[in-house]
Amino acid sequence: MTASTIPNDVLCVADYQRLAKEVLPHSIYEYIYGGGGDELTLKQNHSALNAIQLWPRVLNDVTQGTTATTVLGELWRSPIMLAPVAFQTMVHQEGEIATARAASALDVGMMVSTLASHSIEGISECLSSPKWFQLYWQLDRGFNLELVRRAEQSGYTALVVTVDSAIHGIRNRAQRAHFTLPEGITAINLANRPPLPSNSFTPDQSIVFQGMMSEAPTWEDIAWLIKQTELPVVVKGILHPSDAIKAKSIGAKGVVVSNHGGRTLDCVPSAIEVLPDIRQAVGESFTLLMDGGIQRGTDVFKAVALGANAVLIGRPQIYALAVAGAAGVAHMLRILREELEVAMALAGAATIEDISPVSLYKRR
Amino acid sequence: MTASTIPNDVLCVADYQRLAKEVLPHSIYEYIYGGGGDELTLKQNHSALNAIQLWPRVLNDVTQGTTATTVLGELWRSPIMLAPVAFQTMVHQEGEIATARAASALDVGMMVSTLASHSIEGISECLSSPKWFQLYWQLDRGFNLELVRRAEQSGYTALVVTVDSAIHGIRNRAQRAHFTLPEGITAINLANRPPLPSNSFTPDQSIVFQGMMSEAPTWEDIAWLIKQTELPVVVKGILHPSDAIKAKSIGAKGVVVSNHGGRTLDCVPSAIEVLPDIRQAVGESFTLLMDGGIQRGTDVFKAVALGANAVLIGRPQIYALAVAGAAGVAHMLRILREELEVAMALAGAATIEDISPVSLYKRR
Amino acid sequence: MTASTIPNDVLCVADYQRLAKEVLPHSIYEYIYGGGGDELTLKQNHSALNAIQLWPRVLNDVTQGTTATTVLGELWRSPIMLAPVAFQTMVHQEGEIATARAASALDVGMMVSTLASHSIEGISECLSSPKWFQLYWQLDRGFNLELVRRAEQSGYTALVVTVDSAIHGIRNRAQRAHFTLPEGITAINLANRPPLPSNSFTPDQSIVFQGMMSEAPTWEDIAWLIKQTELPVVVKGILHPSDAIKAKSIGAKGVVVSNHGGRTLDCVPSAIEVLPDIRQAVGESFTLLMDGGIQRGTDVFKAVALGANAVLIGRPQIYALAVAGAAGVAHMLRILREELEVAMALAGAATIEDISPVSLYKRR
Amino acid sequence: MTASTIPNDVLCVADYQRLAKEVLPHSIYEYIYGGGGDELTLKQNHSALNAIQLWPRVLNDVTQGTTATTVLGELWRSPIMLAPVAFQTMVHQEGEIATARAASALDVGMMVSTLASHSIEGISECLSSPKWFQLYWQLDRGFNLELVRRAEQSGYTALVVTVDSAIHGIRNRAQRAHFTLPEGITAINLANRPPLPSNSFTPDQSIVFQGMMSEAPTWEDIAWLIKQTELPVVVKGILHPSDAIKAKSIGAKGVVVSNHGGRTLDCVPSAIEVLPDIRQAVGESFTLLMDGGIQRGTDVFKAVALGANAVLIGRPQIYALAVAGAAGVAHMLRILREELEVAMALAGAATIEDISPVSLYKRR
C-alpha cells in the first residue's frame, strides 16, 4: 500500500486503527496503542464516552447550522484540534509535515509537540490552520525560553504546557513489545538542549522522587513561564478541579482536561468524567479542551455538551498517518467533522452553542 | 426453502432473525439488521427491555381476559402493530402485499411506509385490519398533500409522519456490506415526485446542514400538514418529553416514541427508557406508541406497563417475511400475541388496562 | 456408570449438573435445566444470589452450633427441604422412592409432587423425614379433596399448593430439544381424575384466557381448600408482598417465595430479591420458604439472612438422582449441609437464629 | 530455568503468576491460586481494587518524596510487608530462607507463618528487615505460649494471630487438583505439639461445630494471649468494624483487614471495600493493615488512601519465589515499590501521609 491512498474499507475513525495495526511494526503499534499499567484508564476513556447518551430534539430548523466556534479568540472551523503527538516520522516518512498539510486542508488546528521529528519552523510553514506549540518543560529555564521564542517567531498562537507526564508511567505493553525509538528518529527541537546534571543517589533515595521528578516543573515554573510570553498559555493534563482553578489563578488562559490518553498513570478517571466538575469550577468563559478516546462525531458532541470548548484527537491522527499519509489524516478529520454535523442535525442543534448538558439523557 | 412454509424450528420471534440471516443475501441482511454508528443504541434497545422485570400476581380470575384495546378510537385485537418498513419486495417477491395479508389474517394493524415497494392503494386492498399511512416528508408541500390524499382515498385511518431520519445517520454496517437497493426495487409511491432543486455549496457550507437538512420538515411543516387533513396525525421518532408536548400542542393525536430501531443517531436512549417521562409529560389520555427491540410478549407487557398504548414491530416482520412470506409474518404475530396472553395470565392481568407501572418490579 | 456410585469428582452441588448433562438424554436434560422465554430469570436466580455478600464475624464460640430449626412446628435438621419435582422416574428407575430414601437418610424433608411418578402412599412409606404434599389444583374440586385425603391418610403433615404455573410458560429450550414425556412415565396420582370438559372457542376467544386459565385456581379455591383440611396449607409460587399478605389473611400457614425455578414466566425477579419485602410484609412469625438457584451452603445462609425459614432444592436433587440414585441425592444433601455449617462457623453464627440481615454486607 | 535468574519478560507482578503456572506442578499451583467455593470473593478482591480511581494532582514539588512510613513504632521503607504464607519449600527448595533474604535485601518486612517449612529461628537469622510472627492458634494454650516465647527470643517484634481460618473453607479448586502436601514438607514449628484429643460424635453432632471448631480460638483466648507477652498483638482476618473495635478494646495493637486471599469463606467482601468503615470505627491512630489482591503500586496507593497503614503481599511472593527464588521475590518487591513511587509522583503525593481519601476520585 502506498501511504497516500485511502483504503476503501475505511468508513469510520476506528478503521484506521485496525489498518495501522497491519501496516506498522508490532513494537511501534504497541507503543502507540498502549496505555499505562493494566490499561484500565485506557479502556475507561472509551467506555465512559460510550456510557453517555444524547437526547435528540426533532423538527428544529438547522439549515443555518455550522460547527464553527471560537477558541481563545480564534475562529475554528469545528471544535476539533489535533493533539500533540511526538515523533511522527516514526510512522510515516513525512511525519508532522504530512499531518500539517492535512490539518491545513481541512482547516483543523494542530498542536505541535516539543518532541516533533520535524523542526517547529518547518512544520509551521506547512500549517495554515490554527497552530499551537506544546512544550514539554525542560530543566533549564533558559532553554524553555528559547523554545518559546522560536514558537512565537514562527507564528504559533498559543503555548500548551503538558504537566501530566514528568514520568512516563508504567508502560508494560510498550516494554513487552521491546519498543525503542527507531534509529534516526530524534527530538530535533531539543538538539541544543544543555546537558542534564549527572545524578547520584544514596541508598535511601529514589530514582523516581530524587531522580526523574527533579526535572519536573512546578506551579512556580509555570507561573514564571506565563510572565515570559505574550502568547496565551494552556496547561495540558489536568483532571482535578482544584488544579484547574489554580492554573486559572496563575494566569493560564486554558486547560486541557486529559489523562494523556491513559498513557501515564493508570487507574485515573477519564477526562469526560471529570469535565463537568472542572467546567463548574472554572466558570463558563474559561477555555477548556479535553482529550482521550474521541473517535466519533457523537463523542465530540458529548464533550462539548459536558463543557469542552473543543476536543483533541491523539492516536487516530497517527493511525491515519501511518495508513495513508496526509490523505489519511485529512480523511479521518473529514469523517469526524461530518459525523459531528450529522449528530448535531439529528439532535436538533444548529450550532456549537446549542449543545449543552441538557442535550444529554441521564439514565436513572 | 419455499418462502411460504414455516420452518419447524421457529419457536420464538428471534428465530426468524437467525433464519433470515441464512436466507438473505449478506448485504441485505446487514442493511436490515444494522444500526447507526457503533450500534450502542441498537444493543441498548434490547438490554433496556431485558433489564425490566414483571412483578406477577397470582390466583386472579383471568377467564374474561383479552388483549383487545382501543387506539385512536379504533378497537384493536391487541396492542401490537406492524411498524413501517420500506422496500419489502427486497426480501420477498410479494413484499408488502404478503405482509398486509398476514396482518389481516391476524387482525393486526399495519403502518404502510412512503417507501413501500407496492402502491399505497394496492396494499390497502389487501389489508382488512387497521391501516395507517407513514409519511416521509417531501420537500414539495404539494406533493405531500398528494400522498395524503391518496392515503385518505384508499382508506387509511391515520397519518404517521416520521421525523427522526431527515438524514440516514452513519450506517457503517450497511456500508461495510456494500448495501445498495437491488435493481428493480423502487419507491414506487414517489414516482411522480417533482425533481429536487440542484444544490451547490460554498466552501464554508456543509452538505449536512445546508444540503440534506434543507429538505427536512420543521414544526411548522407538521402544523401545516395537520391542518390539511381530517386524519389523525401521529408523529413518529420522538424521544424527548418536550417534543412530545410540542407535538400534542400543535394538534398531533399521538406520538411514536422511537429511535428508529437504532438506525439513525447512535448513542441515544431506547424508547422504553424515556417512555415513562413522556407518558408523564403528555398525560394519561394522549396516544403513545413505542418501538425498538420488541421480540417477546413480555416486551409488549413492559411497554404497556410503562405507558405505551401499543407497540410497533419493525425488523421481526421483515425477517419473518424473508423466511416464510405471509405465513411467516402471520406466525410471528401469532407467537407474539400468545406470548402476551401467557404473560398477562401468569402476571394476573386480565386486560390491557390492568397493566400499569405497578405491574413491574423495581430492583433496589 | 451404575446409578448408585458417586463419581469421585463430585465436590460440590454444581458438579451433579455437569455430570447429569452427560448421563441424561439431551431432551430430558434440556427440559430439566431450561427456563421460560429467554431464561433471563433463570440466570437472575443465580446472579442475584451471587451478588449478596456475607459479613463474617470472628472468634465467636460456635462449639454448640447446630443447623437445626423449627418449621411449621416441626423440628428440622437444617433449613433445607427437597422441592417438589415431577416425574422422577424419568431420570432414574426408582425415581421418587430413591429420593425419599436419600431424604430419610439425611433427615431432610421432601415435598412430594402431585405429578410424582410413584404413588403418594408408596413414597410416604419410604420417607421418615418431614413429608409435605404438593398439590397442583385440579378443575374438579372433589378430586382435589380426594388427593388431600390420601395425603392426610398417608402421613403428610402439610399441604403445599403451587399457584404460579397454571400455564407452563414459554419453554423454548424444552421445545427446541423436542422434549416429550417418555413412554411409561405418567402422573400416576391423577389416574382417576375426572375427564376435563371439552373446550371450543369463538374466533375472539383465546386458548390462554378462555382455555387453559379456566382450569386455574383462584383465591376462592384456595380459601375453600384451607377449610377442608386440618393440615397447614402453604402457598407456593408467590413473588409479590400483597399476595403473601393475602395468602396469610385467608388462613395459609406459609408461603414459598419462588419463581418456579425460572420455568414459567420469564423476566420476573428472583425469590431472593423479593424475599426481604415479603418478610417485612408478613411479619416475623409467618413461615416463609424460598427456592430458586440454591447451590451452595452460602446460598442457604443468604436466604435465611434475608428472611427465609428454609429453602427448597429443585434441580440439584434431580441431577444427583440421575447421576447416582439415592446415594447421589444423599451426597448432594450432605454437601449442602456441611457447606452451610462451614459458612455458619466462619461467619460466627452458631444457630439459624443467629443469622439475620445484619449478617450480610451491603455494597455501597 | 534455574530458580535464581529473573526471566526477562517479567515486567509487572502479575507476570510472576503467569510464569509460576508454568513452572509449578498443576496441583500446587491450583492450591496456591485457588480460593473458596466459587471464588467469587477471590475475583472480587481484584475487581474491587480495579474499580477504585486515583485523582491525580499536578505540578507539586515531590523532590523530597519518600515511601517511608512508621508502623507500630517501626520505621518501614514502604507501606508494604510480606504476608504469612505457609510451607514455602513446597515451591522452592530454600523456601522461607530465600524469601527472608529477599525481604532483607529490599528492606521489606516479613510475617513468618506458624506453618513455615523452616524454623522460626532459622528464618529470623536471615531476616534483617521488620520481622513479625504469625500464630495459628493451637488447642493447647501452653503450646501457644511456647511458640510465642520462641518468637520473642529470636527477635520477632510483633505477634499476628490469624482468626479467619479455623476451618479451611470449601476449597474445591485445590480438591479438584488432588492437592496434598508433598512428602517431606511439614509444619516443622509444630513438631512438638501435644497430640489432639480424639473426637467422637453422636449422630446429632456436626464435625464442623463440635469437631473442627472446638480447636478454634475465641475472644477470650486472644485476650489471654495479649496478657502473656510484651509483643504488640495484631489480629489478622477481620472484615467487620465491630470485630475491629472489639480487637482494639481487648488490647490488640492492630488488625489485618483480610479475607485470607479469598481462600476461606466465599461470598465475603474484599478487604478494600470494608477498609473505610473499619478505619472510621477504630479511629485514626490505630494500626490497620490490609491484604487481598495487591498487585500494582496503584493498589498500594488505594489501600493507603482508604485507611491502611500498610498492605500485605500474599500470592505474588510465592509465585516470584517459585519462578526465581530470592532474586524473584526481591525483584517483585522492587517492582511494587517503584510502581508506588511512580503513582505517588504522578498523583502529586510526596509522602505516605499525603495520601488520603481525597486522593481518590468517586464515580457518580
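As written, the chain order gives the labels A, B, C and D, with residue 1 at the start of each chain.
Keep in mind that, in the parts below, contacts are C-beta pairs under 8 Å (C-beta built on N, C-alpha and C of every residue); 3 or more make two chains touch, one makes a residue touch a chain.
Please read all numbers here as calculations on a predicted model, not as lab measurements.
The minimal number of chain-to-chain contact steps leading from chain A to chain C is 2.
Each step here moves to a touching chain, and the least such steps from chain B to chain D number 2.
With angles rounded to a multiple of 5, the C-alpha fit of chain A against chain D returns 90 degrees of rotation. Taking the CA centroid of chain C as reference, the farthest chain centroid is that of A. Residues touching across the chain B-chain C interface largely differ between the two copies, under half of the numbers being common to both. Here the CA centre of chain A is 42 Å from the CA centre of chain B.
The residues of chain D never reach two or more other chains; the list is empty. Going by the touch rule set out above, the chain pairs that meet are A-B, A-D, B-C, C-D.
Across the complex, chain A is touched by residues 37-38, 40, 163-167, 169-170, 172, 175-176, 204, 206-210, 212-214, 216-219, 221-222, 235, 237-240, 242-243, 246, 264-269, 273-274 of chain B. Of all residues in chain B, those touching chain C in their complex are 9, 11-12, 50, 52-67, 296-298, 302, 338-339, 341-347, 350, 361, 363.
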